[in-house]
Amino acid sequence: MQHIIQQLSEIEQLKNICHEQGNSVSMPSVEVLGNIVQITRSLLFPGYFGEAAINEQTLIYHIGIQVERLQRLLAQQIKSGLCFEGTQSCSEQLDTVAQQKAQAFIEQLPDIRKQLQTDVVAAYNGDPAAKSYGEVIFCYPAIRAISNYRIAHALLQLDVPLIPRIIAEMAHSETGIDIHPGATIGNYFTIDHGTGVVIGETAVIGNNVKLYQGVTLGAKSFPLDEAGNPIKGIDRHPKIGNNVIIYANSTLLGNIHVGDGAIIGGNIWVDKDVPAGAKLRQNPNPTSLHSAGGNL
Amino acid sequence: MQHIIQQLSEIEQLKNICHEQGNSVSMPSVEVLGNIVQITRSLLFPGYFGEAAINEQTLIYHIGIQVERLQRLLAQQIKSGLCFEGTQSCSEQLDTVAQQKAQAFIEQLPDIRKQLQTDVVAAYNGDPAAKSYGEVIFCYPAIRAISNYRIAHALLQLDVPLIPRIIAEMAHSETGIDIHPGATIGNYFTIDHGTGVVIGETAVIGNNVKLYQGVTLGAKSFPLDEAGNPIKGIDRHPKIGNNVIIYANSTLLGNIHVGDGAIIGGNIWVDKDVPAGAKLRQNPNPTSLHSAGGNL
Amino acid sequence: MQHIIQQLSEIEQLKNICHEQGNSVSMPSVEVLGNIVQITRSLLFPGYFGEAAINEQTLIYHIGIQVERLQRLLAQQIKSGLCFEGTQSCSEQLDTVAQQKAQAFIEQLPDIRKQLQTDVVAAYNGDPAAKSYGEVIFCYPAIRAISNYRIAHALLQLDVPLIPRIIAEMAHSETGIDIHPGATIGNYFTIDHGTGVVIGETAVIGNNVKLYQGVTLGAKSFPLDEAGNPIKGIDRHPKIGNNVIIYANSTLLGNIHVGDGAIIGGNIWVDKDVPAGAKLRQNPNPTSLHSAGGNL
Amino acid sequence: MQHIIQQLSEIEQLKNICHEQGNSVSMPSVEVLGNIVQITRSLLFPGYFGEAAINEQTLIYHIGIQVERLQRLLAQQIKSGLCFEGTQSCSEQLDTVAQQKAQAFIEQLPDIRKQLQTDVVAAYNGDPAAKSYGEVIFCYPAIRAISNYRIAHALLQLDVPLIPRIIAEMAHSETGIDIHPGATIGNYFTIDHGTGVVIGETAVIGNNVKLYQGVTLGAKSFPLDEAGNPIKGIDRHPKIGNNVIIYANSTLLGNIHVGDGAIIGGNIWVDKDVPAGAKLRQNPNPTSLHSAGGNL
Amino acid sequence: MQHIIQQLSEIEQLKNICHEQGNSVSMPSVEVLGNIVQITRSLLFPGYFGEAAINEQTLIYHIGIQVERLQRLLAQQIKSGLCFEGTQSCSEQLDTVAQQKAQAFIEQLPDIRKQLQTDVVAAYNGDPAAKSYGEVIFCYPAIRAISNYRIAHALLQLDVPLIPRIIAEMAHSETGIDIHPGATIGNYFTIDHGTGVVIGETAVIGNNVKLYQGVTLGAKSFPLDEAGNPIKGIDRHPKIGNNVIIYANSTLLGNIHVGDGAIIGGNIWVDKDVPAGAKLRQNPNPTSLHSAGGNL
Amino acid sequence: MQHIIQQLSEIEQLKNICHEQGNSVSMPSVEVLGNIVQITRSLLFPGYFGEAAINEQTLIYHIGIQVERLQRLLAQQIKSGLCFEGTQSCSEQLDTVAQQKAQAFIEQLPDIRKQLQTDVVAAYNGDPAAKSYGEVIFCYPAIRAISNYRIAHALLQLDVPLIPRIIAEMAHSETGIDIHPGATIGNYFTIDHGTGVVIGETAVIGNNVKLYQGVTLGAKSFPLDEAGNPIKGIDRHPKIGNNVIIYANSTLLGNIHVGDGAIIGGNIWVDKDVPAGAKLRQNPNPTSLHSAGGNL
């Protein structure tokens, strides 16, 4: 196999796909980031995640210990993210930067918790099958995905590179819900079932919005730059008002506006503005009267 | 960070989102439930799951040992579920109740196996890519999701709280198929590919039904109670007859009836009854003849 | 529980669902195959996967060690796959066969890498949110799914049974993207978001094709054999030309042709040929003007 | 192998060597007890054991969390020990008993720590190779063995069965130092190197005593009861005064007294009282002048 | 570091210390052998080792499953041992040989259990601190070391290379008791405390013998062959009669005989025959009356 | 438990026994050091430790990869050791120092291997029970203990604090052999069985020396400084010439000299010089002719 080993190791073959690591710099770790999410969940929803027995007396110890672990692990990963991005040299000054960003993130946890409380209420009220807030927190994929989104969004606003994206992808893989950390989402947000939901980088969602599985808030066309490549970061996703419901598998594309209180039925393709209070639905489907084989 | 720790620990902040655990009561464990599913699979399909070498001589020892482990672990988790629900005080009498429910579940395994055998046949017959029953059992996400559903459904009928939902969510996360444990599903049931399938709590499915990926059997609107909240547990999902096929990404909503032998094409929104033998399909799609840019 | 144990162990009950293993033959291991995929990824994209510090000096050692591990583990699993299929007796000659197939696979890695390089470029160019090739390789589910597909496809062409399917299902579970190893896919292929994508066994995809989430390239109807069972392996999936874009949640079924440069809008059902350069979109959706309750 | 399985399962063959477990009672777990020891060490010597970063701010959180875990795990194991002993029926009342004993143990931790502080000083002062207290705490087997002894002794005095013995054996296996939990040992106690040291159940050791490796404080002869069996629990081990040193590999047997300030040389057999201040040593060893082969 | 890597890889440097492995041959695994010992202990002493709940109904399933696992794992390791030894080519015929040896070992388990029952009784009767047979089985290092010895001895008599030695070393590391698998040991054998005990390859021990910690039954001088190297395998260790007690730290060397009923005191060197019924003790130790410093 | 938590957290209680860690400094990790030893063993004895398949082709990859891992992990641990010692502030300059020391250690590996080759030969020649060099390398505790010693000694000579001691203690715990890293030991060194052997910090051992289990080369008395504490680091252990054998359980104390070719019998106490070629043995032991009970 010597020739294959040689071939696979040729530097010129490796353009763009080999990541050389500096001396004391490691790649962000999906495993550690999984831990970080788990710790953050246990801070946001004490007693639901983590094996420990929480009660009024012990609560503060759990919070204290988890905050300290979070600070330590998150600073590490933020540093790895900064080094990966590589816009600055991966020097020791990054340690301080990373420490500060981790701390700034932790400062936001009480606010993040307040928002997530509204999401829990929305999920509970929105699902006749939900038996209790506890069941919603512990089992509902929407809560997991929205928690990861709110965490990732906060980190992105602190200019942490790469890490928010990985945290979002972890929720995507776990729940099938893909919310870009750059999206802006209001309170009382919920997603039912959720598999296949996509919410793009520049999407904006108001308060009290409910999405069903398979809904896309995506981009349609990308203006190209002079070299023929898509222009990065351009505003290209839907803006959703307050009190909107979008049913399963509908696809909203482009920088369009959906007005307050609109209801969008399932399985439709929307690439134009939708006025407030509108109710959209798919054209009625013809029943085929003549059909030969066992299939359509 | 002391102020943040204090803030995150304030009891009044924690309404609805903190779960206090009693002394010797632990939360249901997703890890242990994963084990329980694995054990149950190894009982239902001996030789496919679990590392052991099964043959005619050793079979009974494997079955015996796994039944005993299942009884022990399941009783624990059922107790945790009962305590979590908290409608009864989490006393030691729950130990006996949990033991009995676990045993009653195990008594149903032979019947569950018989049903799953029909599902395996349906998956094999329904997929020209399937090479053998063995491949179907070992690899097909549908079999994993339907197994979890049949297990969760049996537990739910024994009035086990929370645990069935977690087992269903485990399959949802693994396969993208979200079947509520409360649904009622006949024999020879199969789902092809499956990502994005949703089957709601009060859905009823006859025998020999095949769903494709992205099919929703969901709820459309929820009657509200006097306080303006959705009424829990109301009958709100489709009833599917026998010998029905529903193609990819179609969304069936509400307590509607789809008659025997109906075939529903893909990407359509159905919120009215479908007569027996009907064949529904989406309106033909216009080809746009005039279109400037690189996109639609 | 003795009677249940007896009942679960009755041989006649176990037809089709019990896998008896020979003496020194083990089932393919999902865990080991996960390792194999991880190793292969670390060979294809050095420095991104695996914990080690890669640089020009150490690269060849990493490549060398991983090639050796891959050879060893893959040969084991291939043998397990051959024994599982059971068309040949699971003799020791299979050891040699398995060794050879593993080696032949490894010989193809440089070519697989070249193809994947084009996929990375396509994903980067096709997503305005992508910040760098590195981010694409490390985080994008499309790259994970397409890597697994290209690995599984190469193994299938070496007549390795079962293993390719398991590798494809691993990506399916992780990403929601289900690409059958038998499909044929050109260069510069990308999938955005990806959850719910299905690409069938006999699908053929040209160069520079982009799919969005929820796109199905599936089968519509299966000719039956004399016994009324679907004929296995028949050509039944779409053929997609070069430079094609298919938007979210569209379902293309049957052995149809989509010509070069076609653009297919989202949420539509396509079961007829699409000419080159065509642009298809869903019928416009009526806004319902009259609607009573809070829902559609 | 069926006949061997039958034979190994015959109940009459299993007298005295089979332990039947009740329904919800598990054996004490060596793994959990290892955890308990680790937690206790981390409470006694904060910052040395356990991965967390300790400082003045975070200290109380660590202590709080570990006390809670210790209470929970220890109560479980104490219950298992009580059930194993089986003098009471393994009812739920044991839960309360076990909780109380665990709590009573934790109440003693501050005193145990004070005693261990004196042992650390003794080890440091007694070894010219010791560089710091920290090195002694972190590396010296004597500290590990004496910690386990002081923990086990406290549990034994609370009438916890079996568990103290297991904790002592864990130190024995780790360090080669075998101190029975029943022994009584004063302050400023140290053992150098320690492999092979044995301290019996009814041994009593004063303050400021130092033992070297291989020293035995054992029993010599056991009075028999009428049935010819040794009488259990009789006082049969040495009583050592204050300020005593015993050199390597000496064997002190029986209920003898070694007076304050005595020094006992290595490799000697002592089965009579040793007066205060005495200095014992082995008879001088003759050099053999005539010896044929390569050996003695 | 390239030059060091080169240097460490030079083949001529590696004489005698590099083990080249064949293609499908792995080294014996200390981890798997640890499992094998654990399984065997759980077969010999049901209910004490392993997490399962044993009772009359479930016993046979546990035995059945463990026998099957033992057969499988042991055959693997025996093959690895045979390949390591390398007196035969490591062909596939070794699979059959290994299977047979594993089976022959399992056939002996009932007899090994009978012998170990006598050892448990001896340990219990010989230690006034022992509270029950259960405590002896679960905690006493002697039982662990003697179990490993009896297992290793049985394997050695089946001409299994290397594996018995590793099993003995595992007990040595765990307990400090080093019994060569080649030694011959009768019933009702016990070792108190045990650290430092050594029993050589050609030692023979009668029934009802008790050793204390630090006792050596070793070799004194080795006849050399013509090349000046010790002759391998020659009979060179003590032969101990029935009903003998040897106290702590005594060293018996050479092919000497110790007659029935002899009692040998501690800390003595014995290289001559000891008649039946003799009682040996060390010369009395002089108390030094004049001694200056703080030490001897 | 709040009062206990408070009490255990009082800073004044924690003098000398609490280790405060700096921000990005972690304690040395026993687990990582275990890895480091395992890696080093796999470099010194390729093919024996580690799961990989070594042969002439793959050897250099294994060596390369392990050298890189060793460099990385060892530098980390050395830094932790330097910070623990705390004589310098734990700044980032320590990273460079630690890197250099790790590299300097690796440079010595070829020489360490050469010495260990002589030790393997000595162990093989010195034990008639040894079947092959391979068995000696793979199973003999002496080789494990001497390897750890030679590793630890090299690190100590590079002024690495704490780490060498931990590595020595790991071997002590595993084998019962306690060699201080500061000792100086020649070639062809072996220890038979080994449990209880102690070799002190300032001991010097020539070439071709063999020790048996329980041999101590220790210190007898320590000169005190003005404060009454032992003077640290003083020369206080035996100096052993070439070609010396010391039998089991003998205790040599103090800065004495044992001349070339001396043979020292077992169980004796030696605190005076032993001339070259001398053969020492214990006084003959009287057989007691009159003895009442069942014991001595």
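Going in written order, the chains are labelled A, B, C, D, E and F, and every chain counts its residues from 1.
Heads up, the rule we're going with is that a residue touches a chain if its C-beta (ideal position, glycine included) is under 8 Å from a C-beta of that chain, and two chains touch if they have at least 3 such contacts.
Quick caveat, the model's predicted, so the values are computed rather than measured.
Asker: Which chains are in contact with both chain A and chain D?
Answerer: Shared contacts of chain A and chain D: B, F.
Asker: Counting residue numbers used by both copies over all numbers at the interface, does the chain E-chain F contact come out same (over half shared) or different (under half)?
Answerer: On the two sides of the chain F and chain E interface, the residue numbers are mostly different, under half being shared.
Asker: Which of these pairs, E-F, B-E or C-E, matches A-D in more than half of the residue pairs in contact?
Answerer: Match found for A-D within E-F, B-E or C-E: B-E.
Asker: Between chain B and chain D, tell me the centre distance in angstrom, where each centre is the average of that chain's C-alpha atoms.
Answerer: Computed from C-alpha means, the inter-chain centre distance equals 52 Å.
Asker: Suppose each chain is reduced to the average of its Cα coordinates; what separation in Å results between chain B and chain F?
Answerer: Whole-Å distance between the two chain centres: 58.
Asker: Roughly how many whole angstrom separate the Cα centroids of chain D and chain E?
Answerer: 24
Asker: Pull out every residue in chain B that's touching 2 or more other chains.
Answerer: Counting only residues that touch two or more other chains, chain B contributes 1, 5, 23, 53, 60-61, 63-64, 68, 176, 195-196, 214, 222, 247, 249, 265, 267-268, 281-283, 295-296.
Asker: Touching pairs of chains, which are they?
Answerer: Final set of chain pairs in contact is A-B, A-C, A-D, A-F, B-C, B-D, B-E, C-E, C-F, D-E, D-F, E-F.
Asker: With touch defined as at the start, can you tell me which chain C residues reach chain E in the complex?
Answerer: 1-2, 5, 23-24, 57, 61, 75, 92, 95, 99
Asker: Using the touch definition from the top, list the residues of chain B that touch chain A in their complex.
Answerer: 1, 4-9, 11, 13-21, 23, 26-29, 84-85, 161-162, 165-166, 169, 172-173, 176, 178, 180, 182, 195-196, 198, 200-201, 214, 216, 218-219, 222, 229-234, 236, 245, 247, 249-251, 253, 263, 265, 267-270, 274-275, 278-283, 293-296
Asker: Provide the residue numbers of chain D that touch chain A in the complex, in ascending order.
Answerer: 52-53, 58, 60-65, 68-69, 72
Asker: Going by the contact rule at the top, pick out the chain D residues touching chain F in the complex.
Answerer: Contact set of chain D toward chain F: 43-48, 51, 53-56, 59-60, 63-64, 67-68, 71, 103, 106-107, 109-110, 113, 116-117, 120-121, 125-135, 137-141, 174-176, 192-193, 195-196, 212-214, 220-222, 224, 247-249, 265-268, 271, 281-283, 285-288, 291, 295-296.
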